[in-house]
Structure formats: C-alpha cells, structure tokens
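First the structure, which I've put down as structure tokens, then a few questions once you've had a look.
Letters are used for the chains, namely A, B, C, D and E, taken in the order the chains are written, and counting of residues starts over at 1 for each.
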Amino acid sequence: MLIGKVVGSVVATQKDEKLADRKFLVVEVRDHHNQPTPQYIVAVDAVGAGQGDVVLYATGSSARQTLLTDGRPCDAVIMAIVDSWDLGGENVYEKWREG
Amino acid sequence: MLIGKVVGSVVATQKDEKLADRKFLVVEVRDHHNQPTPQYIVAVDAVGAGQGDVVLYATGSSARQTLLTDGRPCDAVIMAIVDSWDLGGENVYEKWREG
Amino acid sequence: MLIGKVVGSVVATQKDEKLADRKFLVVEVRDHHNQPTPQYIVAVDAVGAGQGDVVLYATGSSARQTLLTDGRPCDAVIMAIVDSWDLGGENVYEKWREG
Amino acid sequence: MLIGKVVGSVVATQKDEKLADRKFLVVEVRDHHNQPTPQYIVAVDAVGAGQGDVVLYATGSSARQTLLTDGRPCDAVIMAIVDSWDLGGENVYEKWREG
Amino acid sequence: MLIGKVVGSVVATQKDEKLADRKFLVVEVRDHHNQPTPQYIVAVDAVGAGQGDVVLYATGSSARQTLLTDGRPCDAVIMAIVDSWDLGGENVYEKWREG
C-alpha cells in the first residue's frame, strides 16, 4: 500500500457496467514524510473517504478484494482512512490536527 | 487507474486467437492536471472509446474483468470514458468543452 | 500492452520443466513514436514472431492467458505482431515498409 | 521481494472490515548494499516484525498468500525478517551487530 | 522476465512457514547488453542457480507457478539459468566464457 491524499474525483457516465455507482477518487501520492509526489492514482473508494482525507490504497488484484470491487475492472482501491502514522516514534501526520 | 487520452490505434492481424476482433488503442498517459506525460499504453477498448477521448484504463489482472477481455492475454483495458474531473473543487477537464 | 521490437533471443537449457520448448525473445521496448527506449523485456513468443518484428507484449498474469504460457512461470508474452499504428491519423510504423 | 527497514506504523481505524486487527508498518526500501532509498511501502506484518527490523516484503497477489492476508485488500506483506545477507561472500548486513 | 546475475543470498530464519527451506538469492538486474543496473531483486531459486550465474527471473503471480513457490508469499522466482543470448545475431553473453 502507499499513502495518498484525496484531491478530487472523476465523473464518467460511460463505463463498464460492473462499475456503475462506483466513486472514482483522484489520489495524490504522498511519500512517507507526507510530502506530495508528482504521482497520482484514480481509485475506487471502499471506505467512505472524502476530499482532503489521507488514505491507504492497494493496487493490482488486491484492489478487487472488497465487496465494492470484487470481479470488477478496477486496479486501485482506497481500503483505509489514515488517522496517523509515525516514523521512529514521532508522528508525521495526525488527522485531528488537520482542518 | 490512470487517466489517458486516446491518440491512435494499432493494427495487428497476426495475434493470439482469443484477441480476434479486439480494438487496440494507443493511449497517451495524462497526469492529474491533464498534462501529457511521455508514458503510453496500448489498451483494449471495452466502452466504445474513440480518437481524442479522455479515458480511464485499468492494468494487470483487473484488465481482464470485462466481457471483452476475460481470459485473454490483455493487460490493459479502457473501462471508462471521462466526462470531467476536478482537483479541489475546480474542474481540470470537461469533455463538453473539447472539440 | 507496450510496443517492442524483437532484437535477440535467450538460450537457457536449465529451466523450469514447464518452460521446455518455449522460445524466449529479447524485446527492446519502443515508445509510441517508435523510438527505442533503454528498457527491454524477455518474453515468450506465442505468435511466431521473429528477429526484427515489431510486436505487442502483455505482462503479469495476463502473460499466462495463452496456450503456450498457461500455468507457467512466465510474466511476459508476445501476443501480437504489429502491422502498423497511427497517431492522430498519421502512420508511425508500417511493417511493409521495413526491410 | 525487496529488502526494507521498518521505520514506523500507520493507525487507521476506518478500514475495510477484512483488515481489522492487521498491523500496517511503514517500510523504507533499502538497496542491496543496505543503503536507504527514497521509496517506501506500507505492508501488513505476517511475521512479528518490529521497529528497526530489516525485512523482506512481497507485493501484488503474492502478498495475499499468508494466513493474515488471504482474500484481503492488501498488496504488500512482510514475509521474513532478515538475519543477514552477503554480496560476493561478504556480509552486507548482520542483525546481531545492530543495536 | 528480466536478466540478472546472482550476487548473494539472504538468511532469514523467521519467515512465513510456507517459505521454510526456500533459498533467497540476491539478483543484480542486468540490461540487455549485460551491463549492471542499480536495480536488484530477491528471488526464490527454482532451478539450482548459484553465485555468479546469469539467470532469468519472473515476478508477480507468475513467480508462484513453480513447485517450490506455488501458493507461497513469493513475488520473484529464478526460472532459468542463461547459457547465452544474442542481439542482432551477435552473442552478448556466453556462459562457457565466464570464469
């Protein structure tokens, strides 16, 4: 998994029928020091994530191991909303400090 | 998934028999600000995408989760045509503004 | 899939028994303008490709979806020989013009 | 597999239900000379790894081949704690020399 | 598959039980001109490879398609020992010429 921040969403009415009603979020990939990277991914949301949330996402076949993505042409899923993480015991990110 | 723009197509008469009648499109990968990148992918089209369309594509085993690609040696599929996306509430791309 | 050019072949007598009689080709990865890149891949040939052919190859589990690669420790397969492709309607490559 | 060092952990109370009670560790990727790289991964721990341990991790569908990760939306797992490794017969890392 | 050279091995006594008795080799990735790259991979050996051997390795789920790796948390396997390869008809590497 990598850490990312939800920065937007994609609207796509014409899509594979198995993806109806799925929410596609634009996730900016963060490094482990919580700095933005140039990378992004569009992921299906499986945990009720919203704009500004810092999340974990899984890719590949592992992205299809949720009820919302099982058997679907989806290669990235948000499977957790991050509360906090630390490096060497010091918190790098704490959700409650944001906004 | 990543965002890309359909910029061409590949003709290949000699191919694995399970890929007969599949349409191979050349997709230029876009970043999340809709800028072109040097990357590309050749993807099977599962949603009727055409030249100039901005699309979402899935890779790996997830690319085989459509009726057109199931059980086939195909590692990239266009599974949605993008209408629009936003970053922080501002639209980066809107299909109706194009061409 | 990506586009590549067959530039050589690998001889390996000591290999997993399920790979007996499989042909391993060295493929130089091309960009979508048909320029060489520093990347390469060694792929099993499933379509009778030969030296100098421009091909499409698939990777990952999708590389095992041919009769020759099914159930085998092979993560790249040549599944099509390219006749031509275009970008924006102009042909970038045409097989009949080569050699 | 790649070699990494456990440098932190992620707290995420809101996550896919199949990931309840799983421990997410932040792993700094090492090169084969044991030098830090800018890359990281968040992996589920399947072997009781802790802060400062040097580990091996597997990604993709292979990350789901442990009792703790089977059928779960998890694309990286720590499947071994490294005691030592050598390059050309000289040990690059020996666990007992640390701390 | 990519070409690599076996440059070392990893000792790990504490590991997923399904990996007991598996040999983890450190493989330096080579380019197709047989030049070293900064990349490496730790792979399970399925063909009796040893220090200094030039090998082919497969990654992802394809790495689990050998008797030694089936159903195991292993994402890279050495599935062939390279005797030689050529580029454009000229041999780049010949095993018998090595030490």
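General observations
Just so we're on the same page, a residue touches a chain if its C-beta (ideal position, glycine included) is under 8 Å from a C-beta of that chain, and two chains touch if they have at least 3 such contacts.
Everything quoted here is computed from the prediction, not taken from an experiment.
Mean C-alpha position of subunit C lies 33 Å from that of subunit D.
Inter-chain centre distance (subunit C to subunit E, centres taken as mean C-alpha positions): 21 Å.
Counting partner chains per residue, subunit E has residues 59-61, 63-64 touching two or more of them. If the chains shown are joined wherever they touch, the resulting network closes on itself as one ring, and no chain has more or fewer than two partners. Chain order round the ring, anchored at subunit A and oriented towards subunit D, is A, D, E, C, B.
Subunit C contributes residues 1-3, 31-32, 46-48, 56, 58-66, 69, 77, 79-89, 92 to its touches with subunit B in the complex. Residues 7-16, 18-19, 24, 26, 28, 38, 40-43, 51, 59-61, 63-64, 71-76 of subunit A are the ones that touch subunit B when the two sit in their complex.
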